[in-house]
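Across the two complexes that follow, chain A remains constant while its partner is chain B and subsequently chain C.
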Partner chain A sequence: MMSRFREIAAVFLVAAILYGMQRTTPLYSEITSLVPAYGEQGKRIDARAFAFAVVNVHLARMVRTESFGRTQDFTTSGVWVLIEGAAEAKRESLTLTTANWLGPSGISYALSQRFSILPGLLPNQRLEPGLPKPVLLAFEVPESEVSGATLLVPRNYMTPLDEEIRMPVTNIDTNAIHAAITLKRSTVGLPWILETE
Partner chain B sequence: MQQRSTLRQRLIAILVTGVGATAAAAISFGVTVYEAAHPRAVPVVPAGEPIDTGRWNITFQAAHSGPVPPTGVEPSESKKFVLVEFDATNLSAATGFVSPTLFTVDPPVPNLPAPVFYLARDKWIASGLNPSMPERMIAVWEWPQALALPETLRLTVGSQIYKRRDNLYGASSWFDRDPIAVVELPVSRDGAR
Partner chain C sequence: MMGDVAPRERRHYWLSLAALVVILPATVLASSWDSLMQWRANHYRIQISVERQAAQRYAGADWKLSELTRLPGGMPEESVVLVEFEAAVDDPAILSKSPCEVALTDEQGRIWKPVFLTEPIVRELHPEAAEKQGCSNFAFEGSSKGSRITMAETFTVPTAAENLALSVTVFGALPDYMLLK
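This part shows the complex of A and B:
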């Protein structure tokens, strides 16, 4: 009688252990996720393959681009977040093809590709080792996702277990949302000219 | 274990598991056959009514056909376009592209290329849509020259489910599922010349 009871108890114990293991197994995306490299806004943040720094963060309701005599208005239902920064490769030439704006609610917004022809945009800049280059990032986010966000810059999103820069966006004036920001091509200094209205 | 199980006990165990497995396979097969024979009716949704596909919430507005794509620039070589305007909201937690298989022309038109999605705001080819930021989109089919432009367009809208762990890698992803709605849109002709 006692051995019968012990057998049944063993079956239940094993079932409980298996259930626990099933529930606590990390997701595939977690096992192969990017390794975060934390940093502060305004300071150089180093990952193994590249370094990145944010200089300015601008907010606007509309972005106007002027390129080759053509003016285009890019409206949005949310807010444009334009980030001026610099990036540098460390060991080999590379291009940072993507970046994400992780809002306070945990929703991520990818780099906007709506005015992708403008020079200096992050995916358009080929980075060489030892030569810091200015980069421009544009995100389109709802107004509620502007403050308390984190900027994520991976090397690209196809390489698991690579490093990703994670920078909490602390210095951002959510009251100063410009009506429009104009981006123009420039031939000297920065590859773009940013004018606020 | 006080004693080794007898041959009789083992035979009964084999028999029970065998019968159980056969019954399970038979029931599963029977359900599949029954479902194939009695397909679930896909509801017809009128234009202007939102459809929740799982990953997207889409509302069809109108369809029209003509020689001009949404860019407003008529191609030098005359082409036929069928344009469907719809509102799309990304219900997932990350920026995503509208899949060309989100809705399909029903019945299938031979040699019809996949549609190109335009963002109405930019009158230009759309990139990824941000979560919970609804956008007006235009799906554009380049209609085969040999075929007449349709008077009405019947679209089958697919659905998607999110799996935290898929069956192959255990990765989290979206997967296509059965059609969830059918939409019939009258196609108005614009700028015929």
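This part shows the complex of A and C:
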């Protein structure tokens, strides 16, 4: 009698395990999603193919670009997040074409392409092994998505199981949003000059 | 319960279990065989190492690295490397049809791809090289047996990089590729 009861219990247990496994099966896209490489703001973060570091994070209501004698104003109903950093390829020349600002609500914002002609912008900067290059990233996000965000920099989104740098943006002063930031071309040192107002 | 089972049956049971150890990996291998072969075709390469100034037969031509020039780059730690190389065409069929890829490598195995725009310093100091085309099937379009194609590519590398060599891959000649030292 006891062994019969045990057999029935075993069948139920197996059924419960199988049901649980069926419900929690990850999607193929999740299994092959990017492998995160975590790092801190202000420090060099190493992935296998590239390294990345954030130097400054600026917030502004407006971005003004001055390029070849032409001035343009870029207003926003949210906030501009401008990130000055450095990046380096490690094994092979590459270009980092994308980056995302993952807000605290879980919404992800892609790089702004509104002033794509400026030198030094991440997708414009060809990275070579052994030569760290200054890079500039610009995001346009709602004010509520500024604090508690994470910066995501993947090598690309195409290759399964490729790496993605994830850096929580911890050092950011949400009370100091500049009225305007001016970006100019520069021929010496950094490829851009950033002036706050 | 197990006491009722005949020893023969029990042996079959363990044999079946042991067979799983072999059969499961074999199944995985059999079902992924095509992908494995595809991966091998994409990644398997045989290097043909060529010493400086020597000519090497590859993809229907005789290749030679004629000049590797280091020029100052935009930053102190940066060098511009101009590589001039040539191919004496013997059989234009492969060359004019398949893509050609070049890269600069160093002793640490780092790989630099050619720059998109010719560096200003190359145009200034080596204008004749700046006019030369890169390695591509266009370079060989219309070439015939006996013609000599001169090519040049520019790279940006750290000044500290040593033992630079040019790797040339013509896709029609895979898995072979050349490393011109």
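List of remarks:
Heads up, the rule we're going with is that the second predicted complex is superposed on the first by the 175 of 197 C-alpha atoms of A that agree within 3 Å, B and C clash if a C-alpha of one lies under 4 Å from a C-alpha of the other, contacts with A are read in each partner's own complex, and residues count from 1 in each chain.
Going forward, a contact is a pair of C-beta atoms (placed from the backbone, for glycine too) under 8 Å apart; a residue touches a chain by one contact, two chains touch by 3 or more.
Just so it is clear, the model here is predicted, and its values are computed rather than measured.
After superposition onto chain A, partners chain B and chain C are found to sit side by side with no clash.
Touch criterion met: A:Pro129 reaches chain C, while chain B stays clear of it.
By the document's definition of touching, neither partner reaches A:Trp192: not chain B, not chain C. In the superposed pair of complexes, A:Phe52 makes contact with neither chain B nor chain C. Among chain B and chain C, the chain that touches a larger number of residues in chain A is B. Look at A:Tyr109: by the touch rule set out above, it reaches chain B but stays clear of chain C.
Using the contact criterion defined above for the overlaid structures, shared-chain residue A:Glu92 touches chain C, although it does not reach chain B. After overlaying the two complexes on the shared chain, residue contacts for A:Trp80 are found with neither chain B nor chain C.
Taking all C-alpha atoms of chain B against all those of chain C in the superposed arrangement, the shortest distance found is 17 Å.
By the touch criterion stated above, chain C contacts chain A in their complex at residues 75, 77-78, 103, 109-113, 115-116, 156-158, 160-161. Of all the residues in chain B, the ones that touch chain A in their complex are 2, 93-95, 119, 121-122, 124, 127-128, 130-135, 164-165, 169-172. Residue ranges of chain A in contact with chain C, taken from their complex: 90-93, 126, 128-131. Against chain B, in their complex, chain A makes its touches with residues 3, 25, 27-29, 74-78, 100, 106-110, 112-114, 116, 140-142.
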